[in-house]
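Consider the two complexes below, in which chain A is the common component and chain B and chain C are the respective partners.
On to the complex of A and B.
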C-alpha cells in the first residue's frame, strides 16, 4: 500500500504553499458550524474526533445560490452571458468518510444523460483529503449505509492521525497521487504498521439497519402510517436537506437586477417544502408533510438506489442532530427494518 | 459536451400570437439563431421550458407538429407568474426556450392502426401536436377519431382547426361542451367527454387511444375505454408535474422512482397503474 507520513509542521507548510498558489484550502470552522476556506495555515482545523459540522461542505460544490447565466436587454439586442465557476483548485482537508463520499454520490445525478457543468467543474477541481474518524454519537450511522469511520472511498488522500503531531497518509486515487507528487518534499515514507494499529483501535459501530430491507419495505409500503408519524411532527423547515452532504434538489428562479438586466439562479431547495411540488393549478401531488417525508426517505433509500445504485445518504446524522423536532432518520429506518422483519 | 450549459435557453422570437380563449394564448416561435433552428428536432409529445427573462421558466408541451418544422408553437393558460408575464408579450418579443425534453407518443407503433384522440380543455395542446403529426402522414393510419370537449364554447381552443377537422372527410371529429356551455347556433354535442366517448368512439379493435385533459375527465373516461375493450397498454396519456430543470436533476417531478421529465411525460395507462398514487 502506498503510504506516506506527514507531521504537523509540514502539513502547515503544505497548506501555506497551497494558499500561495491561490488554491482554496477548505476545512471545518472552529465552531463546527460549517466549512470555510482559510487564508492562513494556522487556521487549519482537522476535526477527526469531534462532532461533524452542522452543515457539510456541499455548498462549495453545489452552492446555496449561483447564477447560471445573466441576461441583458439592450434596445434591439438581447444577450445571454455565461459565467463559468472559477477554475480554482479546492482542497478539502479533514473530510470524515461520511463527507468524503458526497461528491461521488451526487455526481451520479448530475451526469446521467445531461451533464451539469457547474457541478462537474467544481468536482473536477476538488481534492478530498479525508481523515479516519474517531467520533461517534447516537445520531451516527455510517456503517448502516455501507461506510465506516475508516472508509477511504471518496477521499483522494486519506489521513490517519498517529498522534498529536503525525499523520499517516494513504493515496487513494490518481488525483491524490498527482497531488502528493507535486508536494513530495513534505512527505516521508510511511510505516503501515503504525497506521494499522491506529485503525484497529477505532471502534466500528454496529449497523442500525439494512438498507436493502428498508428499500424493499418502501417498495411494498408506499402507504404506511410510519410516514405519518414523522410527517405529523415535521415543521417542513428543510434543515435536514440543507445540512445533508448529498441532498441536491434545487430551484431555478430569475432575479431582475434592473429594468434591462438580470440573472437566472440555481438555488438550494428542499422536498420538505410545501411549494416544492405545487402545481400552478393549485394541485399538489405531495400535499401534506407525511407525503413529503415519505419522499425524503424513499428518495434516499429507494429511488436513488433504483436509478444509480447508490444510497443517497452517508450516515453523517446531521439531519437528525439538527432537527428542531427530533426526527431521527436512522430511527425511522430502524423502525422500517423492524417492520420488514416482522412482515 | 461538458462545456454546455444545460440550463441556458435558446432565444426565440414570437412570430405570431393567437388568442384561443379569454385566458389562453398560442405563440408561434422561431429560433433567433440559425444553427439552433437547423439542429432542432423533436417528436410529438415532448415538452420544453419556456422563459420570460426576469420572471422565470414554465413547462409546457410543444403544441405544433414535428412534421412542420419551420416554427414551434405552444399554448398556455394564464395561471401563474410566468404565464401571466408570457401573456403580456407581443409579436417580435424574445423568450427563452429549452428543449425538447422527455419521451414522446409512440407514433411508429400507431401506424397501420386506428387512432382515437380524446382531449379536454387545454389538454388539446399536446394532442393537437400528435393529431397534426398523424394527419400529415394520413395514409399510414387507419380510422382517425377526435373527441374534444370543454366546459363551454368559449373555452374551446384551436377553434379554426376544429372547424377544419370537422370538414375533413378522412377523419371523424366530435366536439362537445358541458351542458349549459353551448351557444345558440352550437352544432356540436352537449355532454361530458366520458359519455360522448361512450356514444361516439370506434371499437377498440386495432385502436390506440390518446387521452389528455383534466384529471377528473381522465378518471371517468378510462373506465369507458376499458368497457369498450381497450387494453391498458393501448390507452396513452401524459402526466404533468411541476418541473424546474426538465433534465432529471432538480428532484421534484418524480412519481416514485419515475422522473416525469425523463421517463415521461407520455405513459400508457398500464404504466400509470404501476405508479404509486402521487401525481
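On to the complex of A and C.
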C-alpha cells in the first residue's frame, strides 16, 4: 500500500501553496456549524475527534442556491444566457468517512439520465482528503450503512493522525496519486506499521440495523403505523435534509429582476416540507407528516437502493443530532429491523 | 413524575382528553422529545425534567390534533404564554384544551448536556412565569435555580452599542449561514400561518433562494411578524442548524413592545393583541 507521511508544518505549507494557486481549501469551521473555504493556512481545522459539523460540505458541490441561467425578454427577442459553474479546484481536508462518501453517492442520481453539469464539474474538481474518525456518539451509525470510522471509501487521499504533529497518508485513487505527485516535496515515505496501530485502536461501533431488512420491510409495509410515531411529532422543517451530506432534492424557481429579465435558480428543497409535493390543483399526495416521513426513510433505504444499489445515507447522524424534536433515524430503522425480525 | 403520569392516566381513561402532548425520555438522560400519549399505557412513558426544552404549544394548531376533541398538553410557564397568545389570536379555543401546568425548575440551554449553573438556559434566568398563568391542574414544586450570567443580554447590549452600519454587517454575517430550512418557523408556536408569506410565489414577496437578499428578507420579516407576539421561548434559535442568534432579534423587539407600548406577549387572556389593537395615545416618536 502506498503510504506517505506529512507533518503539521508541511501540511500548512501545502495549504499555503494551494491557496496561492487559487484553489479552494475547504475544512470544517471552528464552531462545527458547517464547512468553510479558508484564506489562510493557519485557519485549517482537521476535526477527526470532534462532533461532525451541523451541516455537511454538500453545499460546495450542490450549493444551497445558484443561478442556472439568465433570461432577457426584449420586444420580439428572447435571450437566454446559460451559466456554468466556476472551474476551480476544491480540496476538502479532514472529511470523515461519513462525509467523504457523499460525492460518490450523489453522483449516481446526477448522472442517471441527465448529466448535471453543475454537479459533475464540481465533483471533477474536488479532491477529498479524508481522515480516520475517532469520534462516536449515540447518533453515529456509519457501520450500519456499510462504512466505518477507518474506511478509505470516498476519499482520494486518507489521513491517519499518528499524533498531534504527524499524519500518515494513504493514496486511494488516481486523483489522489496525482495530487501527491504534484506536491511531492511536502511528503516523506511512511511506515505502514505506525498507521496500522493507530487504526487498530479506533473502536468500530457495532451495526445498529440491517439496511436490506429495512428495505424489505418498507416494501411490504407501505402503510404502517410505525411511520405515524415520527410523523406525529415531526414539525416539517428541512433541518434533516439540509444538514444531510447526500440529500439532494432541489427546487427550480425564477427570480425576476423586472418584467423583462430574470434568472432561473436551483435551490435546496426538502421532502418534509408540506409544499414539497403540493400540486397546483391543490391535491397533495403526501398530505400529512407521516407520509412525508415515510418518504424520507423509503428514499434513503429503498428507492435509492432499488435504482442505484446504494444507500442514500452515510450514517453521520446529523439529521438526528440536530432534529428539533428528537427524531432519530437510526432508532426508526432499528425499530423497523425489529419489526422485520418478528414478522 | 408519578403525579404527572397519574394525572395523565386519569384524563385519558376518563375521556376528558383525547390525547396528551407531552415529553418522553430518550436513551440519553440529558434529552427528551415530544410525545403524543393516547392511552393509559402511553401515560406511563411521560416525563418531565430539566431537559423538556421543546415548546409543545406548536402542536396545538395542527389540524390533526385540533379536530380530535379536547387536547391535553404538558406545559411550562413559557409554553403557557404561547398558549395564551394563541387564544388571544383566536387560533385555539380555551375550551378545547386541557393544560397540565408544570411548576418549572428551568431548562437546559442545549440538549445533551447535564443541567447545572453552566448550562441553564439564559431565558430561564429571570423567568417570572415559573408557575404558569393558566392551567387546569398544576404539578410539581418550585425549587431554587442555579445562577448564571445572562450571556445573551450581554450580546444584546453589545449590539445596541454598535452603529447601524456595524449592526448591518453583524447580521449580514449571521444571515449568510441561513439555509432556509425554516426550522425557526416550524418550531415556533406563533408561526401558525396556513400559508407562510415565504411560501407564496404569485407574487413572490420573499425570494426563496438562500442568498443574501433572500436570507435578509426572510429573517427580518419573520422578526417583524413576531414583534409583540414572540413569547421568548427561544425555540427558533435552538432549532437553527446554522447557529443564527435569532433570540437577539426577538428579544430586542420584545423589549421595544414593553418599553413603547407597555405590552408583553402571552401574559393576559383578555388583553387585545398589540398588533391587533389601536390606541390614539400610542407613541410614534420612535418611528423614524
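As a working rule, the second predicted complex is superposed on the first by the 343 of 343 C-alpha atoms of A that agree within 3 Å, B and C clash if a C-alpha of one lies under 4 Å from a C-alpha of the other, contacts with A are read in each partner's own complex, and residues count from 1 in each chain.
In this text, a contact is a pair of C-beta atoms (placed from the backbone, for glycine too) under 8 Å apart; a residue touches a chain by one contact, two chains touch by 3 or more.
Keep in mind it's a predicted model, so treat the numbers as computed, not measured.
Model built by superposing both complexes on chain A: chain B and chain C fit together without a clash.
In the superposition on chain A, A:252 contacts chain B only, with no contact to chain C.
The superposition-derived angle at chain A (between chain B and chain C) is 90°, Cα centres, a multiple of 10. When the two complexes are overlaid on their common chain A, residue A:135 makes contact with neither chain B nor chain C. In the superposed model, A:114 lies in contact with chain B only, and not with chain C.
After overlaying the two complexes on the shared chain, residue contacts for A:262 are found with chain B alone; chain C is out of touch. After overlaying the two complexes on the shared chain, residue contacts for A:298 are found with chain B alone; chain C is out of touch. After superposition on the shared chain, chain A has more residues touched by B, the comparison being chain B against chain C. When both complexes are overlaid on chain A, the residue A:271 reaches chain B alone and has no touch with chain C. When the shared chain is aligned, chain C comes close enough to touch A:64, but chain B does not. For the three-chain overlay built from the shared chain A, the minimum Cα spacing from chain B to chain C equals 6 Å. Shared interface residues of chain A, touching chain B in one complex and chain C in the other, are 251, 253, 256.
Of all the residues in chain A, the ones that touch chain C in their complex are 31, 33-34, 54-55, 59, 64-65, 138, 232-233, 235-239, 241-243, 251, 253, 255-256, 265, 267-268, 270, 273, 275, 288, 322, 324-328. Chain C makes touch with chain A in their complex at residues 26-28, 31-36, 54, 58-59, 64, 111, 177, 179-183, 185-187, 199, 201, 204, 207-211, 214, 235, 238-239, 241-243.
Across the complex, chain A meets chain B through its residues 68-69, 71, 73, 78, 80, 82, 109-110, 112-117, 120, 222-223, 248-254, 256, 262, 264, 266, 269, 271, 276-281, 283, 285-286, 291, 295, 298-299, 302-303, 306-307. Here chain B touches chain A in the complex through residues 1-9, 11, 32, 51, 53-58, 79-80, 83, 94, 96, 215, 240-242, 244-245, 247-257, 262, 276-279, going by the rule given at the top.
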